[in-house]
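Before anything else, here's the structure in question.
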Amino acid sequence: MSQPAIELQGISKAFGPVQANKDISIRVMPGTIHGIIGENGAGKSTLMSILYGFYKADAGEIFISGKKTAIPDSQAAISAGIGMVFQHFKLVENFTVLENIVLGAESGAFLAPSLRKARAELAELAAEYELNVDPDAVIEEIGVGMQQRVEILKALYRRANILILDEPTGVLTPTEADQLFRILGRLREEGKTIILITHKLREIMDITDTVSVMRRGEMTATVKTSQTSPENLAELMVGRKVLLRVDKTPAQPKHQVLEISGLNVVDDAGVARLKDVSLSLCAGEILGIAGVAGNGQSELLEVLGGYQTATGSVKVNGAALDLTGADSDGQSRRANGIAHVPEDRQREGLIMDFMAWENAVFGYHRDPAHQANRFFMDNAAIKAETAAKMQRFDVRPHNPNLTAQNFSGGNQQKIVLAREIERNPDLLLIGQPTRGVDIGAIEFIHQQIVALRDQGKAILLVSVELDEILSLSDRIAVMFDGQIMGERDPADTNEKELGLLMAGVTGEASA
Amino acid sequence: MGVMPKWADVVLVPLISLIIAALLSALLILAIGESPVAALKLMIEGTLLRSSGWGYMLYYTTNFIFTGLAVSVAFHAAMGGLGVALVCLFIPWPHWSFAIIGASLGAAFFGMIWAGLPAYLQAKRGSHIVITTIMFNFIAAGVLNFFLVGALKPKGSMDPATANFPAATHLPTFEDMAGLLGFEKMFRAAPANVSFFLALVACVLVWFLIWRTPLGYEIRAMGKSEPAARYAGIGSVKIIMVAMMISGALSGMMAINTTQGESERLILNFTEGAGFIGIAVALMGRSHPLGVFLAALLFGFLYQGGAELALWTKIPRELIVVIQALVILFTGALTLMVRRPLERLFLSLRRGG
Amino acid sequence: MDFLTLLQVLDSSLRLATPLLLACLAGLFSERAGIFDIGLEGKMLAAAFLSAAIAATTGSVWLGLLAGVGASLLLSAIHGLASITLRGDQIISGVAINFLAAGLTVVISQDWFGQGGRTPPLLSGGRFEPLNLPGAVPAKEISEAGPVMQLYSELLSGHSLLVYVALLMVPLTWFVLYKTRFGLRLRAVGENPAAVDTAGISVVGLRYAAVGICGVLCGIAGAYMATALQAGFVKDMSAGRGFIALAALIFAKWRPWYALGACLLFGFFFAVDNRFQNILLPAWAMSGVLFALGLGLFAYVRHKTLLDRIVLGGLGLGLALVAALITLSSWSAGLGSMIKIPVVFIQSLPYVLTVVVLAGFVGKAIPPRSGGVAYVKEK
Amino acid sequence: DPAIIFDLGGKFDKSFNEAAFQGAQRWADETGGSFREIELQNEAQREQALRRFAEAGSNPIVMAGFAFADALGKVAPDYPDTKFAVIDVNWLSMPNVRGIGFNEHEGSYLVGMLAAQASKTGTVGFVGGMDIPLIRRFGCGFAQGVKAVNADATIIANMTGTTPAAWNDPVKGSELTKAQISQGADVVFAAAGGTGVGVLQTAADEGILSIGVDSNQNYMHPGKVLTSMLKRVDNAVYEAFSQGDALETGNFQMGVANGGVGYALDEFNASLVSADMQSAVEAAAAAITAGSLSVHDYTSDETCPALSF
């Protein structure tokens, strides 16, 4: 058997008091795709960052193709042929694609020749791997899928033989994910080695050759993918049996809660984001909005959440909402019985520097229930309540005094959910409830959403995960280019049909 | 979650930083041929061992508390001074206790207006608040100059200053207060006055405002993340306006101490230096009122100690400025230099123990 | 205002803009790399002092320039140590550096020259003399020359070398920033240091380089003040120009050509203030203008939000009140009587105009995204 | 020992405080005595410095600047055995206070006459540090002197700024001078502290004449400084120190008549001041001394017959 492409021996890493990696050893064979799974905070990203020279290990050795290699910084990793696509992309947002690609890999002191060379090479790479991007597009103006391509191109441009991808599909649509996997397959065929971190067992089963499982900083198992099953992996990961599908009874819709008609949104640049959207939603029902990111779902949530102006009409429990005036803000929406789990928990849903208990009332901080008297908030009561909530939602670590950034993504999401669900709203807006969340937490979050429905709440679910939409929704509406392309019953539809609608192909036309 | 116990972070780190700054200052003093030991003795004797030393130290402290709480540049205070002067000069107050309320309102109002305009421009027009504030400082200097050379100056006076405020507006100094309590000769002639207590009250109020009220919660949220604030329905225009106006009001209040409390008339450069020290005080106090109070106390000590050095030694006043700079540098910007080795020490202690 | 006067004002604008421009470009390099620097003032001051001191003792302006740059670099190194290596607060560090320079320059020069914090006046070799471009007519004959010749001789010719250096720095900065590898990396490190780090480039190295360039440019700015505009150092002679440069930098949205524009604009405002301090206007014109402005503001805010009405309406009311006061006070002397605009008002004009320009024409200035925060990848 | 307290400008302000320091230093050099001194850093220190020096036994205590009036009024009665001398304040009447006022307008008048005589263009300039009454007094006296020689002369008066930086901004002093030159000025009088350094420098560079202030600044650019308006603060301090604790109290007014103000004539400007010019100025000085010529003091009624501020 040939030399392993990568071999890590006894890697340990502590962040202050937190032991993120403990004595980890792993071997990855060349020309394979090696999956790594594990709960949020298990230490996956840390391990890969060490391999890429972003962090320095406290102890341990790294062998590349059998040769012991010191990787003190990313420069060393790059020259060892390693490329990494981080979960949070490391791109300069206001640079063009081309500038991002040449950054650090310029061919001389002046920029023009470097850019010329990169442009030519980019065209070749694009043709070879179906990685088409506009080299002159500015990063902040292109979608995350495109941004990810740029990251992959960055690695390929630097002639990486080993490619590490940290949760690459978390932000991709199914089509984009499929395409990514085709590309990864092609890279594998060329003999490149790929390490893939993901929370999605289906992806592990579909594409990897071997898979390693991490728990609490340690490597607990490495198995051949062909010799394992999703249930088995889930158990290895979480330490107990996990229910991998959503368990729910048929919906029992009651009175109508939300009625949207003729909703239009034009953004600051004058582009129409929502076009004549009409929807309705009843109590005790989950309406799933499927669609490729950037087709108006975010704007829909923002309008309903009170921070995007719009024209048209939105009624909640029969009362029209103010869509432009002084009463159109998050506070008044909450007063109207609308709760909102935003799509981006770190940007919107939480203040990362606030402690958990402070975040637990974010948006509801003026609620009389949280006031001790006319002037002051009742912090002691909020803390106590948060502690109880964290218990119910199994937020780990169970400490309301930690700041939000000290929680893993899954636990951050639980904090937001706990806040919004326990308000007992009439209408719950949920955007991307399980993005970047491990399967243990996904199970829990899905159970919560279903339980809420069963209490007779109306739930508007926006997700780019078709799986999630299909398994949670009672009705599915598909959005494309700011329009509703059609509604489907999850029982009578399938991924393919939804996928076509998401691409703007209407049922009649395709039939 | 940190490596070090909290007390080490809060007490040990600043203390060691301070000692380093002091050692460097000692070298400088040595270099110009004076004795650092004698200098330190002078500073401590003249500041902490005499009641009037305390009186001066707390007077400066009062200034720095206000500007530190406000984190503002000095000239909001200048406009506050105008407010104080107008209130004290043109309203016949029966007693200082009424006058101080009126003057506080006047100072806060003028400070607020002056801070409100840049805030408004930032909130509504996106004009960068840092430049507009710098510009408004210069404009305030012009306005103050205009009034002090013109309308507010008593005829025939040389000073670009207002007339003396009527006696009914004079604030009780520490000396007066000590006298009431039977301690004659305490705080003799020191300028510290009741506005020190006003500053303490302001500390407590600001603490409550920021950490206990929904408004403070919103100000903090807005400061950390604008998109999140938008999501939560916290209006940015409102928060920018309110926060800046509170800041303006606080720095305006500084004028109570200097103008109504000390000089008892409005003079041209009464805010000298306090603005920048205020920025340092706020950042060093980590924007926590108790921290601001302690940092203000430290600079009160340096100011009064510096005066003692200037009185009794040949140490030039510019060297005292250098010492202040070193203290700001080491306790404010170079703390990691001290914290890092300490953290390592604590980590190994913890591992070993 | 005749053409020659205009030229003279522009000429003065250019001289006054030069230190601002150099400091502004200095700040641009530093802040583009993510290191905020309110210590520009202190660095200019330190450079002004040491350049004058060395030029005075050696008689060589070039050695002076070198020394000035060295002094500024030293302060830059402190700022770098504090804000890059030790990840301290950049604002505090800047404040401290300003105090440090204000104190040390006087202490050292008093110790050195014993002239009360002043350096001895520089003699001819110790100064940058004005360069007369070929063919320029001397000042005495300029009123007889044609307009083009006047433009050439008055405005373009007759500045010291450093003025031309400063002007050349603008395209150079533009070129370095946008056309070289270094510039690409520099801009990147101010936007997203993690991207630079993971691309295998040293964040620390880049930021120190930027802070170093900032030091060099501030050094030239200081030396220009002490050895070209003046012939020696006087304590506190930077007189707040570092802060104005900072304002210009924000005004310019951190871009080199805009920086030139912003600094020239400030220079122009200051030159106008110097030249036109004694403007007489008939009372009716003065109150009329103010009244019209107030009325205009009132009309403008009629359909705006409550806040607009309070703030701008209040401003309008204030202006109208001032107009009324002027009318009343000049009533006895007649509304045609000439009133002099108070000097302080003319002196505040540059700042007022800046605010007006900012409020009206310049949109949001977005600073480099990682500006002001140290790069920490693990605690 | 005697003590001296300098105002916020600091003892090396190149004019007023520096003159006071020179007086004290001359006394120390001549008598071998020593004195205490302090440069104030802020307003609150005025009273503090007075009291601490008085308590430490310094006598007399001299202070430089009208801004001390208030503090001294409070302190002096508390220390009846200590003598105080204060410069630029002449309205306190206390048994232990010596007040010394200067007629700056008279000195400015004399240099104004010289300026008008030396000017070929009939336009002269005045650069003041800040628009405050004291500086207006300088400017007004200067303008009267100019008009006395040439009633048609133009006087361009500028002020440097409104913040404390105005006193230490030689660059701005230079630009103001250049602006005045381009408006035709060929003699410029600077009453602006450290800013004046820039005025004198630029005048020398551009080949026009300048006039220094307070102390004799003729030496700064030999042959290019027309004269300096002298305000003999040094003499006042020297005399106070010399009298020691027997200091004669009361208010004194120092003018041309008693040599308190004047103009500087030395080897550096001998070639600039012709005999004609000198005799005209001497005549005016004599007239002022005799009381037949009175120069209007701006601060007496806040108006100026020769210049509008």
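For reference, chains read A, B, C and D in written order, and residue numbers begin at 1 within each chain.
Just so we're on the same page, a contact is a pair of C-beta atoms (placed from the backbone, for glycine too) under 8 Å apart; a residue touches a chain by one contact, two chains touch by 3 or more.
Just so it is clear, the model here is predicted, and its values are computed rather than measured.
J.: With contacts counted as C-beta pairs, which pair of chains has the highest total?
T.: Greatest number of C-beta pairs in contact occurs for B-C.
J.: By mean C-alpha coordinates, which chain is most distant from subunit A?
T.: Chain D.
J.: Measuring from the mean C-alpha position of subunit A to the mean C-alpha position of subunit D, what distance in angstrom results?
T.: Result: the chain centres lie 75 Å from each other.
J.: Roughly how many whole angstrom separate the Cα centroids of subunit A and subunit C?
T.: Computed from C-alpha means, the inter-chain centre distance equals 46 Å.
J.: What is the distance, in whole Å, between the centres of subunit C and subunit D, each centre taken as the mean of its C-alpha atoms?
T.: Centres of subunit C and subunit D (C-alpha means) sit 32 Å apart.
J.: Can you pull out the residues of subunit B that are in contact with at least two other chains?
T.: In subunit B, 138, 141-142, 145, 149, 316, 320 touch at least two other chains.
J.: Hunt down the residues of subunit C that sit against at least two other chains at once, touch-wise.
T.: 110, 117, 235, 342, 344, 347-348
J.: What positions in subunit A touch 2 or more of the other chains?
T.: Answer for subunit A, listing residues that touch two or more other chains: 16.
J.: What are the touching chain pairs in this one?
T.: A-B, A-C, B-C, B-D, C-D
J.: In their shared complex, at which residues does subunit B touch subunit D?
T.: That would be residues 52, 56, 59-60, 138, 141-142, 144-145, 149, 153, 155-160, 164, 188-191, 258, 262-263, 265, 267-270, 272-273, 303, 306-307, 310-311, 316-317, 320 of subunit B.
J.: Provide the residue numbers of subunit C that touch subunit D in the complex, in ascending order.
T.: Going by the criterion above, the answer is residues 5, 8, 12, 15-16, 19, 110, 115-118, 121, 225, 229-232, 234-237, 239-240, 270-271, 274-275, 277-278, 340, 342-344, 347-348.
J.: Quick one: in the complex, what on subunit C touches subunit B?
T.: Residues 78, 81-83, 86-93, 95-100, 102-104, 106-107, 110-111, 117, 235, 243-244, 246-247, 250-251, 307-308, 311, 315, 342, 344-345, 347-348, 350-352, 354-355, 358-360, 362-365.
J.: If we count contacts the way the header does, which residues on subunit A are in touch with subunit B in the complex?
T.: Touching subunit B from subunit A are residues 16-17, 305-307, 329-334, 340, 342, 344, 347-354, 358, 362-363, 365-366, 371, 375-377, 379, 402, 406.
J.: Spell out the residues on subunit C that touch subunit A in their complex, using ranges where they run on.
T.: 178-185, 187-188, 191-192, 194-202, 369, 377-379
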